[in-house]
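Just dropping this structure here.
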Amino acid sequence: MSNTLSRRDFLKLSGLGAAVSAVLTGCGPMARYIVRKPYTSMPEYNQTGLSTYYASTCRECPAGCGIIVRTKEGRAITIEGNPQHPVNRGRLCSRGVTAQQGLYNPDRIRGPVFQARGDAGRAKAITWDEALNVVQQALASSPDQIAFLLGAAPDHLFDLVSEMTATLGAPAPVRYNALTTFEGRTTLLEAARLTFGEETLPYFDLANADVTFAFGANFLENWLSPVAYTRAYGEFRQGRPTRRGYLVVFEARQSLTAGNADEWIPIRPGSEAILAAVFNRLVAEARGKPVSPAFSTVTVSAAAAASGVSEEKIRQLAQLFAAASHPLAIPGGSALAQADGLMTARSLLYLNAVVENLGQPGGVFLTPAQVAATDFAAVKELVRRMTDSKVKVLFIHGVNPLFELPGALGFGEALAKVPLVISFASFPDETALASDYILPDHTPLESFGYQRVLAGSDRPAYSSFQPVVVPLYDTRATADVLLAAVKQLGMAAAQAFPYKDEVEYIQQKLLPLIEAGGFYTAPEIFTFWSRWLQYGGWWKPQAELSAPRQAVPPEEAFPFTPPVELEEGKQFYLITFPNHFGDGSGANRPWLQELPDWMTTVTWNSWVEIHPKTAEELGLHDDDVVRISTPFGFVEASVYRYPAIRPDTIAIPFGQGHTALGRWAEGRGCNPAQVLPTTTNAAGDLTFGSVVATILPTGKRRPLARVESKEGIYGEH
Amino acid sequence: MAAKVVHLALFKEEQIDHAAEAISRLHELGISDRDISVISGIPYSERILGRPMSWTNIGRIGLAGAVLGFLVATFLNFGTPLLYPIRVAAMGLTPIPTSIVVTFELTMLGLLISTFIGVFVETISPSFGPKGYHPKISDGHIGILFSGPAQLDEKIHTALSELGAEVVHEVEEEKLWP
Amino acid sequence: MAAETNLLQAVKPAEHAEEDPREHLMFDPRPREEMNRMVMEAMTTTTRRYWIWLIALGLGVAVLLFGAWGNMILTGIGVAGVRRPIFWGVFIVTFVFWIGISHAGTFVSAILRVFKAEFRRPFTRAAELMTTFGLAAGALYPLIHLGRVWVFYWMIPYPNARWLWPNFRSPLVWDFLAITTYLLSSTIYLYLPLVPDLAMARDRTKGWRHTIYKLLALGWRGTEAEWYRLRKAINIFAFAIIPVMFSVHTIVSWDFAVGMVAGWHSTIFGPYFIVGAILSGVAAVVTILFVLRNTMKHFDYFIRVEHFDALGKLLLVFSMAWAYFFFNEYLLSWYGGDAAVKQVLTLHATGPAAWVWYTMLICNVAIPWLTLWNKTIRRTPWAMFIITLLINVGMYAERYTIIPLTLGHQRSPFDWGVYNPQWTEISIALGTLCLFMFLYLAASRLIPLVPVWEVQEGQMAHTLRKVGKAEVPSVTELEE
Amino acid sequence: MAEQKAPQKWGLVVDLDRCTGCNACIAACSMENNIPFVGEDEVAYGRGLYWLYNKREWRGEYPEIKPAFEPVMCQQCGNAPCEPVCPVFASVHSEEEQINLAVYNRCVGTRYCANNCPYHARQFNYFDYELPEPMNSYLNPDVTVRRRGVMEKCTFCVQRIVRGRQKAAAEGREVEDGEIQPACVQACPAGALVFGDVSNPESKASQMARNQRRYQLLEELGTLPRVTYLKGGGRYGG
């Protein structure tokens, strides 16, 4: 593609694409070739009074839902789901539809700045040439002292950085996102590897299941691909004329998923593994299958004692599961964030094998894309290296570790030991403000790219990003920055990356797809590219997922860790759960702040959920500010007397408590990451699932902004 | 007829009997009710003074106003919705129950306003009969204004003075209202 | 005075220690001249205290009412406490309160006139003034509470550019029409009987007062024809304004009753509101009479213990009538079993603002019933002053219960709400109280507050007739 | 042509068995209809401008407790209590869409309609709410931005209905079932919301509305809502 390709030529190329989609989408404004102009000289892709639709991908969480953005006069107006996209089929969640508030956020970083680690006196705006020099010099330093910390999206940047670090001889980039921790993604991957022999995310066919057991997998809220699973949930309930799915959720605090379940079993945190094991045994017995040795020693009474669920109930549920024609067990979330989390995940995955649903409708499949490790252990290792001053240059993109990582991990202290920290953040988040340079990337709605790992897709799929508006500010795509810097490095590195820019790199990565049998193809990459943008990605025309080839149960008898014993009335299990702020980056979207929490209807703040009986025993009332302390720190939040939580458990939502990130996020609520431990389970995942906390009243009161009437719902004045 | 002079005979408020008597005397002297006018600080009915009944159009004006109000209300209720028909709820365009409220209010408004207008118009419209005023009237005196032929002056004066009246000669018409 | 007292004692038979008819104004006549002088003196005497009050109230109107209102117009209705689901608050409460107060004048003046209750004579004007000024204060509220007061004229019956008229099916338009009718007619009804008194004042003043009175007296001389016209007009008004008065508060009650709101949708609301309005209006008359009697020169002659006594009896009757309707509302909803209505009514008594409900019952029922049966209390002006103030507190609480507290507890408990009056609302409510008092205070020195000719007319008709050994009060039917 | 036919009666069906209570509808509605956010204090005082809100009530006692979600938006009553009480015809029935219109420009802010709405579906602009630059860029030009003192509510995204009808008319065809979707329906991940012409017995919405699980909010008040709910948590629907 030559430098002189004009918009008009480009449109001609795009025009070749077949216009069969229900919503006719155009191609992007091609930000990089277009300068911003006043509305009086409208760019040709806009027509006053007419909407232009662009297909892209939502990047508010790693799920990768397809979106269609309606633009008018060069402005992104509404974000709608892409009806053809295999993940979301035209549907979206609250985070997706409010993404414009990120694009048009008044607190965005508007150009590259030398930040001087928050020393406002020395901070100054720099030019992109200066910025490129900084990046180039940073890349020129000793390769083993370079580190990249990337977020869960986008994948194309991860691919580019992986190739780059490999070429330079630097350590592979570390990926992290708080959501992946809350999902238990690493544990799930490891369990899939051990059970099915493939390190890939399982796809649970909820839509066709009838009895479904979910352990901590909050698939209606944040887990893996919430829109895809919510869509499946709708089918699970009412999609079949004569069968209505039956959902049982096991967790200590009733999440939205558990609230929608037919049965919510409030088990004691830490007892998931033994419960999963006993179900394995009971179901295998009921179905006349051999019981794996790992499960044969588990007794119902032990499971009942550990979990607090009656033996009768356990047997009844096992019977229900065993008798179902399409039973499905889903492990995830807080159930895996326990010492025995990996065992829980393996047991439950194997439970699917026991009921022979692997590769069956309503059963378990394997998603096609290989997932690059995003585990907590790697982050821990990076922090260790930083603390040991082994990292001289740290690049951070798409993640806000100062906020998302447990405070006890000491990322802040470690960061102080890194001489050069370069952030590519679009927003002034905590980590960006603690960096030396902020070289802002375009926001997702201004960017090119792709997302490859689509856990909610029932077929191989790539989802494409394209700019729907010209970039608002003097920002630059991080991939472009890195490519330009590498080019300046010269020599071998430059030869390894001959791409003019990000788009060329992406196009090169797409080449294999031309022949891969998607629902469209093209004779060459330019036509393919225009269709790729037009459809919002590439995918197979029909559902196509592989069934696990094998299922290996845990072999040897497992020493189950008993749940942590509490000092009654003084200590409580603390559950941290993400809500619609996702990894916390949503906190600067005012409408997400204003959106009532699913269960409590609280807006704009953090709260701590305490069972009303417990609150009464502790003499706590609604809106009393309490201090929640764990061995790792403390936070303060207002009490919400939550009737759907175990009396020995308290819970705090994740996502608030920002000390930066702009006017709507700052100084609001508390960040429960400050009280999380740093211990990991056998798969290397953070074990945030059974933290023990104490409650201390502070004597303060801070009324929560709830949408519900406290008087009407709880009878309080 | 020769020019008549207007006289005013003032009686104290307790002399109401005398005032009534005085009117009879005037009648006897050939002064007709047309040439007599009684002014007083408090209302005395015609019966008391033996005077012919007054006559007023206020009732009719009020009624006319009520009819006008009714017609306006009818237009508002049944006319305006047709000018720009807008449906609300499942109500018809011109529902009767709601129109009754409007009709009542506007009819009463028409009645009351026009009654007042009637008072106002009748008060400021030219009246016949003797004019004249004395501030003592508002102190409770009963004044008998009359005009008689000059030759009777003497007789009248004697007759009225006998009854205790204070007689004022040739009362000027006072301009009491702009 | 002393001589008269002696005379009375001489006449009074020793064994008849009961009430002396000469305690009644009607049997204690004064010459017209003297009475005129007394009224004129009362009207023209201004003390330093008067001016301080007048200026303070004027400032109150400027700051509390127009200052707060202006601020609210500039920033938005949000400075008031209204919220979902309680979209009407103190403004509408105070609106209903003032409209209720305004029923006093008509009641005292028109109904008592029609039924020839003679004790009304000295204070009909004081009561009519309350009607006019109460309406003036109340009629501001439909404007104040508008979200966009700058386009208030869209509610006036005239067509817009597309020939769209206002919606005559809306109770608010009825309100507009009814209040307009009532305000105009009660003002005229105040004015008509005032004309002879203005003529009286015209004859006794010079300077600017004379000019004004001359203009307003319409050249009144007191001819038979004038009196006849006036009587005729007053009669038409007295009979016509009574149904208008009933319609006004009924329509105000329909603002609520036609709605779907549980606790509002009740056929009892019309009479319930009227009885409440008369209760609060008559109570306010007593309050004002006490103030007039104690502040204005010679008013102890006109306003007497007998008036407090008579109005006290009326108050007791209306308090009972109010209690009857209150009971009705509860009985019917309890019997009928509409869960939502039942819930609302129960929550009035048990909800977070139950104290308002109890205040209402104590002030409207308990206090009048416990005190007003007692003649001594009824004849103690300061006691009546306190009782009537409390009755109006109770009536305010009633409106508060009916409006925000009912709206706050509707059918869906998820959407219940608690309403907190904000400073702007309290300030504006006090501001209209200042407005009312300011207008009243100003008017008390501008127009004769006592209808002299009516008192005189009454006194003329009242005589003590000797029957055997007793002097029996008797009334002569002079009016037709 | 569509204009000569009887008006379409738009209706919404909410399948509570599918509804998860995820609130995507609220967010989608707010962004489509330029609904301002009001901040913590105002929400706490009950002034959040949710045209659509999720009524979450609790059923049962711990541990058999469970939230019952019920997304409530303007029910577009056939016999709407809000309409006749407006003195200036700011709340009127649309002949063409058979929905309840809110005419923002005509509203004077008496708030009577909101009191009279048994569903509490109407919201009021207590203030002019700040939308800092450049956030105003995402404002939908099809929807009036309301100023202070004006009542507002769900319109079934009438701008989308009109757009859909015009598109169909321009292409010389009838509006297809499911072609027009309000923002909430379009976003709903669980497919719990179905929108369509309920005067057409063949439309998906009509078919769903005949389900035996059907009920309407406060049906007994006779408001004839256009929104039909299908009971959740139950057994298999018809």
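Chains here go by letter, A, B, C and D, matching the order in which they are written, and residues are numbered from 1 within each.
The definition used in the following text is that a contact is a pair of C-beta atoms (placed from the backbone, for glycine too) under 8 Å apart; a residue touches a chain by one contact, two chains touch by 3 or more.
Because the structure is a prediction, the values reported are computed rather than measured.
Asks: Need the central chain here, defined by C-alpha centroid distance to the all-chain C-alpha centroid.
Replies: Looking at where each chain's C-alpha mean falls, the closest to the middle is D.
Asks: Which pair wins on C-beta contacts, A-C or A-D?
Replies: Higher C-beta contact count between the two pairs: A-D.
Asks: Taking the mean of the CA coordinates per chain, how far is chain A from chain B in Å?
Replies: So the centre of chain A lies 91 Å away from the centre of chain B.
Asks: Where the CA atoms of chain A average out and where those of chain C average out, how many Å apart are those spots?
Replies: Their C-alpha centroids are separated by 68 Å.
Asks: What is the distance in Å between the mean C-alpha positions of chain A and chain D?
Replies: Here the centre of chain D sits 31 Å away from the centre of chain A.
Asks: Could you give the separation in Å between the centres of chain C and chain D, each centre being the mean of its C-alpha atoms?
Replies: Roughly 45 Å separates the two chain centres.
Asks: Pull out every residue in chain A that's touching 2 or more other chains.
Replies: 708, 713
Asks: Multi-chain contacts in chain B: which residues touch at least two other chains?
Replies: Correct list: 86, 88, 91, 98.
Asks: Touching two or more other chains, which residues of chain C qualify?
Replies: 164, 167, 169, 173, 412-415, 417 - these are the residues of chain C that touch more than one other chain.
Asks: Go ahead and list every pair of chains that touch.
Replies: Once each pair is checked, the touching ones are A-C, A-D, B-C, B-D, C-D.
Asks: Can you list the chain C residues touching chain D in their complex?
Replies: Where chain C meets chain D, its residues are 75-78, 82-85, 87-88, 142, 145-149, 151-152, 154-155, 164, 166-167, 169-173, 176, 255, 258-261, 407, 410-415, 417, 420.
Asks: Report the residues of chain D in contact with chain C in the complex, numbered from low to high.
Replies: So the residues of chain D touching chain C come out as 42, 45-48, 55-57, 81, 84-89, 106-112, 114-120, 123-128, 147-151, 218, 221, 223.
Asks: So in the complex, which bits of chain A are touching chain C?
Replies: My answer: residues 708-709, 711-713, 717.
Asks: For the complex, give me every residue of chain B touching chain D.
Replies: Residue positions touching the partner: 86-91, 98.
Asks: What part of chain D is in contact with chain B in the complex they form?
Replies: 77-81, 83-84, 86, 89, 91-93, 95, 224
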